[in-house]
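Scroll down for the structure; my scribbles are underneath it.
The first chain written gets the first letter, and so on, giving A, B, C, D, E and F; residue counts start at 1 in each chain.
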């Protein structure tokens, strides 16, 4: 039995509210259960220096957690003087994931920065960031297309992400914090429809078999299908 | 005429939503017009080292802006590797202001950290942070009192803050960003009812007379009375 | 009674020695009682990047304390790896204050950096820095005018600063360290003659009334008049 | 055809030379083709603070590249003032991977730090670091057991890692740099015998199917079997 | 001919003014020509952690230059976020040099920090810092002895330092900045009477013979004798 | 008697293996007894900014120690966030020493960076770095000459370095770690044949006489002659 009473293959309720800040070209507040992430997409007309003259665009991401988004207050990274290893790892993952779903030629020589700031955390913040980040990105790209700055749609099927893991020996979908902190094996699956973008499976202090991996992958496919529908509904 | 069409002595609409995050001992989302600040108060059972054994409590504050809380994206301070001068100045002001309204003996040997994170900025973020910060602090202290950890109420009249300035030659209350960026003289007034805690008046590239100062002070008194009522309503 | 035996409205002795370093375009050693600050003004022919092509000049300031300028040795900020919050706050105040007294069109596209380094501290170092900083700035500008690089005098009435506060319940002018560390309320007043540039009043752990504020303001006006005379004498 | 002329499922030659530094409790120089990594294991008698009194041991890892281990010189991270995101990500992976193969109760309250420093890079440095890191760890643990400080063997089947990817549309084992820089999809597989510890598959700017993932996994199993044999031979 | 008109073996005028700050246990302002360094010695009752329980004392030093102590303004190290390589090198030299002249058993378990801050630079600041630093140290130790905290005099013959070099092919004593910036070979000689503590000879882009080294050493002995007399006179 | 059983004027065995990394333009692994340093020379076609347009080249150096190159593991400088004072001092010495042996006009407008990374330390790492660094530099310059990019040989007699000191009252050549950690006086001598480049003699907590200095200098001359021969043999 899961602490939340959910079925093994049941996602938490997902809501995606768009247009939540007046300044960003694209924005949403994604809620996956009690995990709440504010995602904004900011357009810059210039690409990063290494792309100048290539005709290619760039999408990058930054990630942060408010100090009291968690059960006990964390030190503010701006005060600590640097981003921690976990933060760096996550924002690199978000950036890579979103770029995999972008036609960078169609985007043209500009940069879009997706900021994912966790207002409240309850497990799965990196997955919520990718899923919500794609919505913010989609809205920003829509604005570019409406303004005629981008002619060909550079985005396709939504990029979505979900975690799965072995909790109390059972394969479960969309781990919340109580599950995540106990899970022997957990994985993050970034997909675009039925195609995979990133698979990160990890066993903290344990190992897993190929069969277990297959099972979790199956759960992920179910979760991503639901997330994808929510993303499309939000940007409709 | 003010860009917003407000009367010279008219505040923007103020709303204070409490209990907005499930983890913090006290929290609120304060909206002063389009300026939105998420305030949380986190209790630590131990005081900072310099107060150990004194019987005194401590209240401190940290301030941050989400990268796209502003019209154009700002660099994330965690990435830059340090908090900027303006950030440091503001969070020191918030901390001093809130401490002025606390009976540190009654609070006892513990520390409360108030985090003020700007989700959307449109001028007056430091004032909104102090005003909302007091609400978060009040709620956290209520929890301590309810649990019997604090016996005597350490908080009195709300601590509130508002900005006033000379805009297009006219004294105006509660400057929004378009006014703030044009104002020759502006001031931040932190008050607790009719008593003053901090007055910071500044003339970027200009000077002002004693009479002008008096006029702005009068406006501030009006604004603080309204904010104070909103704070009390929120924590009722 | 004040620890120093001074009258309530009595400044400490002020001396301003100019030309104290052979390299700087303008320099002075200001002594306000036992507070000694070495101020230098350094001219750069180029303005900061954000002013390029605007025809406007810039004045900025940096502040530091020698490690043993204080009663017990402080950690050197260069060793600590960053300037502390108080330092940043003070140097921003010095810069803003001096700029308020400069005609930036007349100064032309160049930058003057005023360094204020405290050799010995006994309260009021930020005020002494502003007062002495103006003298260094005036001397540097004189050099520019003499050389024909600046035609119209960009400086007017001296910018001066003094602190006032409530000590043992009495309003006092020009707090020294023993007073400053005990004062419930204290304020820093930056003025240019009878016009005000910055007012910063603060009550560490206390509040003050509007009447008290008025009284301190009156004391500040007396102090600034005396400082202004000393500044003019020094640069004559 | 692969640039190196290797068969699709052919590893580069692997050599593991042990005892290469006289100070470390365990050490080896692992060469996987032209990728050369110096691995040392350093024992500290005290565990990290968060494990004090738990009876559990800890294994952690750090990773670095010599500035000219690469085709063009990279900036030294000590000079840059921080470890880059890629470095942090890799050393966290190495640490997690090695810990998965350790019985932390049997290890007892001590810490072993595995340093992996790349002397020459030609692709696959993180995999070589894990594989060589396990050898250094094994040797250090052997020393502890020989000295009687550890009674029960805390290590089991070797932890080994290999990369696989799609190069020019073909699934290949053990990518070298020319392949790695062109591969659309690549994955790192950390295994302990037939059990998996970490799977990290990534498609820079592309996607992959579940079938492709299965194929790469099969290649990885072949590579890990060979690496495991080399590790056992080295520590025999 | 030297730019200053001095004889080849002629020092610049040396003056040492003691008791220049009211807070430090020992202090002096040393002037060697136009090089002016403020030296303070600060006593801490506790030794550094690595000496706890050894009965030994410690002397350490820090060095800094005011931003406009030089011909063109240097960036403030506190702003840059770290001490430069030259600064670190110099303060390590000052610390080692002063420690060589201290009986650390007689000093007892305490630490004295000598701060050397250059107010005006004209070559030879590290030598002036050592020479003046010893005077500040001597005065601080005198205070400890007078208070009965130290019984046996831990200091002997003054530690003094002077630079010599080859300027325009001639061996010269006590290089000023115009000479220093042109000298092919220069050396810093730290001595205690006739005994040597540190010799640092360096040829930027050149080499020197053993004979030239001997000649410079002879000049240094002359300079140190004069400095030593000035130090003893200052502390008498 | 020396701990190693060597004669007072006997060097440790020296070996210099060249071409040890496939990427660097010049490289060697120098072993002086148990001190092993990997030296690489990397050519950049552009000089540092301050030399642009002067026709002069530049040689600079960086130094590092692997964390477990020493008896107990040292903290990695990249993790600590900065290079320590000792590291900075050493790499500045290596750079200055190598530049003294370079005709910068003949080298032309380019920069060569020599990286010296200590794989295993047993005393004398800075001297081994200079000696091995020259070999790497020589090989890189040979490549430039072979390619016709440099016409006139910019290097002459090898730059070599050795340490000497007073150990147990006796003058000894080439101190190993057990000697170095006990020596009252030690010196580093950088020479080019019979000419001197740098002399750094230091007495940690002690002093030395002119006669002792002369004796050590004699030993150094013997050591440098042997090193020079080894360097020439290696690059032959």
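Just so we're on the same page, contacts are C-beta pairs under 8 Å (C-beta built on N, C-alpha and C of every residue); 3 or more make two chains touch, one makes a residue touch a chain.
Molecules present, by chain and UniProt name: A, B, C, D, E, F = Ribonuclease PH.
What you see is a predicted model, and the numbers here were worked out from it, not measured in a lab.
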Check your understanding: Which chains are shared contacts of chain A and chain D?
Key -> none
Check your understanding: Within the chain touch network, how many edges lie on the shortest path between chain A and chain E?
Key -> 3
Review point. Greatest Cα-centroid separation from chain D: which chain?
Key: C
**Study point:** Chain located farthest away, centre of chain B as origin (C-alpha)
**Key:** F
Practice item. Going through C-E, D-F or E-F one by one, find the pair whose contacts repeat those of A-D for over half of the pairs by residue number. Key: E-F
Practice item. Would you kindly tell me how far, in whole Å, the mean C-alpha position of chain C lies from that of chain B? Key: 28
Review point. So, what's the distance in Å between the C-alpha centres of chain E and chain D?
Key: 50
Review point. In chain F, which residues are in touch with two or more of the other chains?
Key: 81-82
Study note, to complete from the structure: From chain A via chain B, the ring reads A, B, C, E, F, D
Point to revise | In the complex with chain D, residue positions of chain A that touch it | key: 82, 85-86, 88-89, 91-92, 96, 99-100, 102, 104, 187, 191-192, 194-210, 213, 217
Check your understanding: How about chain E: which of its residues touch chain C in the complex?
Key -> 21-24, 27, 34, 38, 40, 42, 44, 62, 64, 66-73, 76-83, 87, 113, 115, 117, 119-120
